[in-house]
Amino acid sequence: MTSDVARQVRALRETVARLHGELTRYGLVAWTAGNVSARVPGRDLMVIKPSGVDYDDLTADTMVVCDLDGTVVDGHASPSSDTAAHAYVYRAMPDVGGVVHTHSGYATAWAARGEPIPCWLTAQADEFGGEIPVAPFALIGGDDIGKGIVSTLSRHRSPAVLMRNHGVFTIGRDARAAVKAAVMCEDVARTAHLARALGQPLPIAPADVDALYERYQNVYGQRPAPADRAAGNP
Amino acid sequence: MTSDVARQVRALRETVARLHGELTRYGLVAWTAGNVSARVPGRDLMVIKPSGVDYDDLTADTMVVCDLDGTVVDGHASPSSDTAAHAYVYRAMPDVGGVVHTHSGYATAWAARGEPIPCWLTAQADEFGGEIPVAPFALIGGDDIGKGIVSTLSRHRSPAVLMRNHGVFTIGRDARAAVKAAVMCEDVARTAHLARALGQPLPIAPADVDALYERYQNVYGQRPAPADRAAGNP
Amino acid sequence: MTSDVARQVRALRETVARLHGELTRYGLVAWTAGNVSARVPGRDLMVIKPSGVDYDDLTADTMVVCDLDGTVVDGHASPSSDTAAHAYVYRAMPDVGGVVHTHSGYATAWAARGEPIPCWLTAQADEFGGEIPVAPFALIGGDDIGKGIVSTLSRHRSPAVLMRNHGVFTIGRDARAAVKAAVMCEDVARTAHLARALGQPLPIAPADVDALYERYQNVYGQRPAPADRAAGNP
Amino acid sequence: MTSDVARQVRALRETVARLHGELTRYGLVAWTAGNVSARVPGRDLMVIKPSGVDYDDLTADTMVVCDLDGTVVDGHASPSSDTAAHAYVYRAMPDVGGVVHTHSGYATAWAARGEPIPCWLTAQADEFGGEIPVAPFALIGGDDIGKGIVSTLSRHRSPAVLMRNHGVFTIGRDARAAVKAAVMCEDVARTAHLARALGQPLPIAPADVDALYERYQNVYGQRPAPADRAAGNP
């Protein structure tokens, strides 16, 4: 690696390690399940969690760098057993800079029934632009999970997809955005579950869903300063 | 600003920043959703959370001061995307000194069905004086949310209102009272949900609801010392 | 007070203040709801939480000492608004050394339906010796709550009683035992709720409930050393 | 004991004490319920939690060493009231190096209905290889609980068994693996509960369950270095 790439990789190792702390903070993962990865911008490389390592023991140094075929390029540990799925997404979706996988409970309950999460909440319209879709059942080990993620997300605005009987994958322009989508996916999955548990939630009109999504994607949050934007750090 | 107003604003910046910690402590918010504001007493000003900033990064300095049209008067960040709703409430309800907004899960589940929370609990009678009402669906961006809050709360004793398909707004004589109402709203929304999940909860007689509300509003807690009362700090 | 009583009171102030931390640790209370008290052994006195004070601000010094009519004997704050109920229990049940009150969510959900919690769990047989009963609706302010607690618990082995539409009171030989009963009451209320939510739980034969209760009350835990027993510190 | 055994016992006292922290971290236990034990490799000895001691007060020194009849060999406290069940499992299943017992809520709710947890989740196929079975009702005090655990687990791939109306026992090649099984058992019990609460979850084909189990047991996680393997520390 050139020293520029080495610097980028070093920074992403730290970011990815730290972002796993959001998965435990929000209760999205049990034991060593769940993983975050980040694409190294402009390179066919990604930084990903090692397989089966305790969340308490995740540091920048224990992260693994792989190419986009999932082959380890730098790191002492085996990468996440979900590496093939992350790699497939980066190969197929060039705008994606981060991928997250969890088995968060409420979202996975919808996935176990094979039901998309209907858009009953303005927070879901904001972040997901409508329902959160379900991808077909796929076994781990080849490209089936990756294909399911990509083919499903290509047809939706949602950055989250429920894998049938399995869990959640989310994408984002960077790893932080993908983690946010994972947090919000569980939050809306939970509220939607609670809402339907006692009756029939009310729909939001499609035009209102569109208006909410449009506004949130373009108005919410702080405007990045020009320097931040140039550094790819909005 | 005169130095008196500057001192008040400084104190409220600290109070409002710190009160956001209660929203995370009680699990009322995910990621950057949710916000607290406080009116500057006797001024057409309010202190409010910046938009889309992490709860860990909220400090007195990052809070934003706006006038009651929502225009920023002091602060480096964009104010909460819910600023218009807070401002509308302060303009319309002169006794309100604090406003809180969350998407807390159990309360929002009632809101997604468009159902008020019936008064099945003495704690709800104490704090809310009866059912917690629902305001009509409203899009963010103009005064519709503010109007929904004010017109609904004007007809109820409750300091909390469920916004249909959206979440909760609460009011109080100060920001702390509004935060308390947000915490108690989720608590009673949860217990009411659990109660109805397995059968039909028993009603409380309206006269008993009145007696509980009257007592709690006037007897509960510590009597403020005269000095505290003069300082508007009960 | 004699210096002996003063020492006892001082120790109980510390114990009672600290035990409130278990109510927050186990999520049994929201905001300032819930309270713990302890009888001063051999005296017509009790130590109880002040009314409406934050859990973070509870210290030995802020606790209030009352006689068994609820009159403040020592302390700068107003005692808990539930003081009359605690006092009634101590007057009527001489073996009770501690009383706890919460609105813990699952237990209060059973209370809102006016349903006792059936004994479907060995842990409930161990601690409660059978179902957890419900007392009639009672308004705060006089002796009605105290009477409901005492008349209901006198007819059951359970150290916990559900107050209809209200919450839970538990008793124990000391404050710690009453807190344990409050923690276990919510735990079994939750599991029983979850069990019945998806079907009909299986009963435990009454003779097995008796055997479990008998063993747990007499065999479980560490044998106190003779010195501990003499100090009333089992 | 020889100094070799003494060193082994010392290390296991520390491991077992520390692993109890995972039971509280994941909310699997209330008050003093729940316990972890470890077999001393190659010896008819085990290290187990003392009975009725606070989780905060568990240290290496407070752990108890028993022989496989449950008789205390080293330690100042009475061992867990579930010692007989742990001992029975070690006598009957020579490959088991760790045993865990909890009353974790969702799993115990399935146990209260006497229902095995169907395999609706890939995470359950991974860890448990199919459904999590139920053992018959058994009273504490003799070998009935131990017999129920052993006879049920002998007929399943699952390292977890639900004790009817009671709770969960899990086994592992060491104490850490048994704790992992206890954490994952509650996690899948919860998601399965949530899934079925709103409809009928979709089955996973038995051949897919087999493929997932086979892969997870043999591929997941880090390959132990040869030195670790020799030390029995994979």
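The first chain written gets the first letter, and so on, giving A, B, C and D; residue counts start at 1 in each chain.
One rule holds for everything that comes next: a residue touches a chain if its C-beta (ideal position, glycine included) is under 8 Å from a C-beta of that chain, and two chains touch if they have at least 3 such contacts.
Note that the structure is predicted; figures quoted are calculated from it, not measured.
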item	value
Between chain A and chain C, the fewest steps along chains that touch one another	2
Interface residue identity across copies chain B, chain C - same or different by half	different
Mean-CA-position distance for chain D and chain C (Å)	32
Set of chain C residues in contact with two or more other chains	197
Chain contact topology (line, ring, star, complete or other)	ring
Chain C-facing residues of chain D, complex	30-33, 50-53, 77-78, 81, 103, 105-106, 108-110, 112-115, 137, 139-141, 164-167, 193, 196-197
Complex contact set, residues of chain A against chain B	26, 120-123, 180, 183-184, 186-187, 190-192, 194-195, 197-202, 204, 208, 211-212, 215, 219-223
